[in-house]
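In what comes next, chain A is part of two complexes: it sits with chain B in the first one and with chain C in the second one.
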Partner chain A sequence: MAIESDVVVVGGGLAGATAALSAAREGAHVHLISANESTLRQASGLIDALGYPEPGPDVDGDGGASASGPLADPFAGIDDLPETHPYRVAGADALREGLALFDDAVGDLYRGGHTDRNALVATTSGRTKPTARYPRSMAPGVVSDERPMLLVGFEAATDFDAELAAERLSAAGVPFDVSGATIAFPGEYRADAAVTRLAHALERDEDAGNGRTTRQRLADRIRPHLGDAERVGIPAILGDAHVEEVRADLSERLDAAVFEVPTGPPSLPGIRLADRLFEALDEAGVSMTTGTPVVDFESTGGADGDRIDRVLIDRNGARIPYSAEQFVLATGGLVGKGLDSDRERATEAVFDCHVPQPDDRTDWSAEGAFADHAFARFGVDPDGTMRPLGRDGEPEYENLRAAGGVVGGADVAREKSASGVSLATGLVAGRTAAEEA
Partner chain B sequence: MSDRTEVLVIGGGSTGCGVARDLATRGVDVTLVEQGNLTHGTTGRMHGLLHSGGRYAVSDQASARECIEENRVLRDIASHCVEMTGGLFVKRPEDTEEYFQEKLEGCRECGIPAEVLTAEEAREVEPFLAGDIDKAIRVPDGAIDPFRLCVANAADAEAHGARIETHSPVTDVLVEDGEVVGVEVTHESGAGKRVHGVEGGTEEIYADHVVNATGAWAGRIGDMAGVDVEVRPSKGVMTVMNVREVDTVINRCKPKGDADIVVPHETTCILGTTDEEVEDPEDYPEEAWEVDLMIEELSKLVPMLDGARTIRSYWGVRPLYEPPGTGTEDPTDITRDFFLLDHDERDDLPGMTSIVGGKFTTYRLMAEQISDHVCDLLGVDAACTTADEPLPGSEDFSVLRDYMDEFGLRSPIGRRSVQRLGSRADEVLKTGEPNPVVCQCEAVTRAELRDAIEGSGSDLNAVRLRTRASMGNCQGGFCAHRMANELHAGGDFDRPTVDAALDELWQERWKGQRHALWGEQLSQAMLNHLLHATTFNRDGAAPEDFSAFDAGGDATEAADGGVAADRTPDGGDAGGD
Partner chain C sequence: MHDTHDTHDDCGCDGGDETEPPAAADGGAKIGGDAATDGGAVTEPPAGDGDDFEPVDVFEGSEMDLRPGADSCYKCTSCDTSCPVAEVDDSFPGPKFQGPEQWRLKRKEDTEIDDSITGCSNCMRCDGACPSDVPLSQMHNTARGEYVQNQQPKLSREYIRNRILANYGTLAGLGSKVPRLTNAIMGNSLVQTVNEKVLGITAERDFPEFADQTFRSWWKQRGGPKVQSEDKRIAYFHGDYANYNTVEVAKALVRVYEAFGYEILVPDQRCSGTPMFANGMLDDARRSARVNVENLGDAIEQGYDVVASCTSCSMALRQEYPELFDFEGTETVAANTYDALEYLLVHENVIDPIRAVDAADHDIPDFAYHAPCHSRNQGLDRQAVELFRHLDGVDVEDVGDSCSGISGTYGWKEEKYEYSMEIGEEMFEHMEHAEGQTGMTECPTCSMQMEHGTGYEIDHPLQVLEAALVDTDVEV
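After this line comes the complex of A and B, so read on.
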């Protein structure tokens, strides 16, 4: 017999979690199915809403949006987006409500909710990035804070060159003095030790030789470089779950505010966020099945179009059905494999919903590496309640909604809007699904 | 600015580097100028096949004989650039028995070891060969790394006193009193190793003799000197797979045709190719149908290629040439032999020789014949030693030492580093510093990158060619920025130089990936886009007014790791707020 719920959400990333929380908040019984580990674990942990305005024509010919500076107020940029952008489709309040739901779910783990304005956070490559919410562990690093800064990198870590990042920040005109230093991480590790290994050593404050602990020796090695710095940025490896304890200890030892600099994968802030969202889902009474991809579905025709009856997951070769009144598709985009493609066309992977795209594969990308690529906007084309529309402009299924990366119409990387699009579309998809369930 | 040399070689491909090495080791004073990186032209854009000669065994037996001879020489003098994979000429049911027999006899006539394998025997060698093939001929084809080979030739030339200038296009050929006396070059950065952002300038280099070894570009140099060199550039596509579907060179056993070879190369396989005449060696269409043709045709030999992941495609231009009046219609019928054009004899213009046509596998032999010619003109009496003297990196060396332990590297990183570096492994890897892996896909460590940076300045594309960093599955997504960090920390280059070098590498990587954007590689491209635009924000501008943004003004932040001047630092209130 099929397992029944009001709403089944397919996908366990930020959009899926948001949709599930949003539906549960409306009183629906929600079941969330996730194929594999959340792609959040690869993300920096920053929650971008809208960082740059829709780029105008490429006047300088470099294919980039470099002419426009970042938006101080992400909400101010929404009206200028094209009508097909998910923010326009989901409605003006969706982003604001999505951010509120996020704040509620993550609690003290994040900062930035006190203002509508974007913060600027220094990235590992020393660029300033506009973002709406940032982990508390990154708060002292915001770029509009004018306190002098020291960035610290580790000799054997190849992703972060602290001196180069400091030079780039200075060149960008940040309103504070910033310098960089490279030190050896205390203790004996292989040159290619995993960042998670170093995070464990800091979290457990392991013995690092000479009767001193990892944090003690780390502070000792940073101290000679401090100068006038009042805050110290370290790549985001300051412990697993107890980052605040690690940070407080190091801050006290250095007499400076220690903060994390967001990194590429594997990203501890991303892992912490994924873990926190699963706790929130649990608290909200959402039931979950993880590690099982949806491999098929069953539908029936109805008066107002086709309805999805159930989806089937694959567990060790057995196909297990999940029934619901409403379904939310939050399987991600090209990276999360919610979208698939071959030499002929790009497709939506589970329900084969219509994905608008240029006919000729050559037109999927543009010449400049950071130019306006059609593929970056690939995804389903939703109506105002996030139902994917077919080629004919009618909903593909009357009880299917989409959220997050699988929704097209935005180049979230160039706009710096990935998380915001997940929150806004997840909120609307979850809420309208619950209302109809 | 001006300089004087005995012989000026134009072109840093296999021919030019080979000539520079040959002349320098004979004691001639040589300067080599190249418009881009070494291998910038055709050499860096071929499929990396070390011919056994089998491909020419029916149509051009003279070339076939040269190939097998040079194949043996290169295995000896360039062992660190060569992987002897072996090769198969595979007959499908629709390919004629007559041609199969001609191929077999041709190989035997040319001294190419050739052995007939049944379909079952061929599949024992290559399990993924199609189930319906008839049989195959096994020959000693191999794979060769053209970058490593050119760099080794150039390094040996430099060790014998040659001057090598990359990123220095020739802007004029100097003709005085009806004789070529040198060239004018424009250095894109200062002389010597390339450094982005350094002011270049022009330089006149006077020479007793000029060798035009510019391949498909030979006509342009000819124009500057006022002579006609009618090269017929012909483009061909190469499609790079993300793994080695085969470990043996796989040729289709039929007279000629597009898409008839798969070459295993390092971690990849390269599918080739097409043959279409183009007007301009730098400006020709790169079309999706060419890539589709590679996959569709070659999956008839190796079915798993259909649907497999490709990571990029690139095109090269063959410098085909035939003497005026030959009038061959189809470029595939133009001879692959090379021509030495003595412009004194041919055009009454002494002082310059052009080399056109030819093929990579016989580059050394071509270089020897050109050098003999130049030495005759200059009255230099010294014998060629390039067939016997190993290139730097290929000196007597045991790759069987336990490098993993010795250099603290994990397998297979140690093994792969040593395969690339050959006899230079000790000098490069023994730094006494932490040596993390920078490029995971290709197993390239910091020490190897820093050695390459020492050799090629701030040019990350040159560093890439020397090390293979950024040439694997992720196409630099996870290591391009790390390579830039090494330029800064190890090469001591400043921020604007590092940023320019990174942008250039990133754009070069993007160009080839555009031809592989579907399936997993499109997912990879999106991941790279998200990592570099979202996580790093490499594309977005900084604001003019920082004060318009959230300064972390939340009341709780003051107590949150913040250290206000008038407070006792509490280091961040671990109890929460």
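After this line comes the complex of A and C, so read on.
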């Protein structure tokens, strides 16, 4: 016996969640298995689609190929991508439908769905990042807005230097005045207090001493730095589920639009997104098992069989079988551990699917840290319904599909396309799996 | 990996003395403490090519080399944001400090374990939060064990109180011989006041009542198993609480499993060790674990799989035993132990019979369900809500992913009681907003906390299964 469902999705990040949701909406009973809590909890919360076009040759000689400026419209860049890019394989419509599925699932939590065009959002390092969707809490911070901006950092939160970020934004020629200020977070906390601790203090508006609440004192401390600023960016810790309430209150107190600046992990916008997608999955009737890696599988006809019967999760040494008609692999790339590598070769970690790669390991990387590295595009090689293909060009298994970072062909860090690739491939993999289940 | 035997005199175990390197002959009294270097100075690049590679024992003589785990930490602090104690107790530095950082600090000679380790409630939430598989709870358990062994005065109120709380089963064994008298004494407010003032056990909580008859005595009286089977056999690890207090949970397990045709064995057993780990009483835990591994190992050899009705018990057998001990058979027991509901869902068709039940015929109420942290860490947090979705007419609402706050013995400590209730606040609120006015959970102490915070009655999922499927018109 085994835990049974129509479709098993392996991996609980954005690609896995998208595949599970898209399969469930086709009527399949889906089981989502995740090795750890969703990696979305470490994500910035920005949903990029395609930020930079296919880079040209290295004209400035820094080892990195030169890309022109950010893309205004991610869809306009798809035709220029190589044929092996997941967007070319899945098609531009897959990205469009993936984004639509996302918009529907997250509802009012996000902005940007009204247009195909990218928004530019300021990051903690004072760069601007092109992104297709962004949390509503970040909306007043978009760079196309010309209102004067104040960035506020906290003394204890060393990963955001507000003055430096402001300087860099100015140097990049943003169309507004921007200044930075660093203040102490109101109240008595450990110097290394968890961001969730501070977020909850704001959400519950806890007493912060002197008979004043956390929000009151925070506004008091920001006000002297306000100057002409009409909007105020604060690291993304403005509450957990009730961020809009915190933002509205602070905005009123400061008479300026308060917004969140996306931060590194652990990330409140990422946690909010994970929670929202989890709710959508729950409502769609998706079953979920978290904290248990898939460590093995059984296929019809043994190890070389052409159909997967079941996967086995490891629960502290016990092997629990999950059987299904269709399987989706959404375990991530080299960072997410869906791909493994040693001194000889890179491999796909669960089913050992074929991963195209140069024979000579020295060809995996190029000179220069930000160059066009082969390893960045490592991953399985999918057909039009996202079935990983073997060395012979035939599907590895007739009922296995792949989505997200484990799919090769995209350099998502350079292109700023990680979320879009997950949405597009997740949508196709989940939907076609459900159709055949 | 070696175990953490402080001394082998009293445990009589055969746990690897002969195979241990001489430097470790004093056992784990200082877990990796005395032979530490200042971090990697002795590492030398391995000579030759890959085939000749031999790992270098950087911390020679240490009982448990957790360095690979510590080195996997890239300081994202996801663990700290998952920690229910750090959320309410600003004096607690959080799991990242208690794990990888504390571990590195104590590599230095003469560095003691920071006493903030006693603030950890051992909910183990950090294990699930870590994206890099750092064995945080293992590090906490070893650090806490070392702290209690070497630094906590044995005549201190904390030590005596914690020893009493950790060895609940021993006391329960005595108390349950005269359950009514014990219940009367422990329920006396004067006794509760004395407990708080003298021992530091909070007077805010009502001591759990002892059942008139223990589960083991009931089992014996009924003549053991009523079903015989060659191929469907489980060995039931009931733990102390279902034996002395919530015997209805243990009886429900027996009735449900027999309804599905299982032959049940109730092996001799001791406390799983959960409260001992949480209080750093590793000697006590080791003595218990040794008996359990031996007896459960024997049952496994006879074709039984081990099932537990308490998710902290299954967590101890599956994860903490292999992480901390290496008796012969420890890994086998871990690999063949299951949660009771989990096992049933893997091996039997439970869903179809549940679908055939009309709750109104069985007087089954709506529930507010709380997933215990130790169930969540095993990936079992969704199984009850997902199963009972199929139970027509019953609303089972998950009250969220917060910790209940009691964490076994943590919430019984006078100085932790307020924190415990503050942690539990979110769960209490969600319970009150849920449709159901009855609670449901797998963990006996979460159950106590749920009842304490809301006044609701609390059931175990096995009791709901019993009401739905045992001696009803439903075919299983």
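Just so it is clear, the second predicted complex is superposed on the first by the 429 of 437 C-alpha atoms of A that agree within 3 Å, B and C clash if a C-alpha of one lies under 4 Å from a C-alpha of the other, contacts with A are read in each partner's own complex, and residues count from 1 in each chain.
We adopt the following convention: contacts are C-beta pairs under 8 Å (C-beta built on N, C-alpha and C of every residue); 3 or more make two chains touch, one makes a residue touch a chain.
Keep in mind it's a predicted model, so treat the numbers as computed, not measured.
Applying the stated contact rule after C-alpha superposition, one finds that A:P266 touches chain C and leaves chain B untouched.
Of the two partner chains, neither chain B nor chain C is touched by A:T425.
By the touch criterion defined above, A:N36 lies against chain C but remains apart from chain B after alignment on the C-alpha atoms of chain A.
Contacts of A:I313 after superposition on the shared chain: chain C is touched, whereas chain B is not.
With both structures placed on the common chain, the touch criterion links A:Q357 to neither chain B nor chain C. Contact with neither chain B nor chain C is seen for A:T18 once the two complexes are overlaid on the shared chain. Residue contacts after overlaying the shared chain place A:T331 against neither chain B nor chain C.
Look at A:R190: by the touch rule set out above, it reaches both chain B and chain C.
Judged by the touch definition given at the top, the superposed model places A:H373 against chain B, while chain C stays out of reach.
Comparing chain C and chain B on the residues of chain A they touch gives the larger count to B.
Touching of chain A by both chain B and chain C, each in its own complex, is seen for residues 42, 190, 192, 264-265, 343.
Chain A contributes residues 42-44, 48, 51-52, 64-70, 72, 108, 111-112, 114-115, 117-120, 123-125, 127-130, 136, 139-140, 142-146, 155-161, 163-164, 167-168, 171-175, 182, 184, 190-192, 230-231, 244-245, 247-259, 262-265, 333-335, 337, 340-343, 346, 360-362, 364-365, 367-370, 373, 375-376, 412-414, 416, 418 to its touches with chain B in the complex. Of all residues in chain C, only 50, 76-78, 80-83, 86-87, 90, 93-94, 128-131, 133, 315, 318-319, 322, 331, 334-338, 342, 345-349, 376-379, 381-382, 386, 389 touch chain A in the complex they form.
Contacts from chain A toward chain C in the complex involve residues 1-3, 36-37, 39, 41-42, 188-190, 192-197, 200, 264-266, 271, 285, 287-292, 313, 315-321, 343. By the touch criterion given at the top, residues 287-288, 292, 295, 307, 408, 410, 433-438, 446, 478-479, 481-482, 484-486, 488-489, 494-495, 498-499, 506-507, 509-511, 514, 517-519, 522-523, 525-527, 529-554, 557, 560-563, 569-574, 576-577 of chain B touch chain A in their complex.
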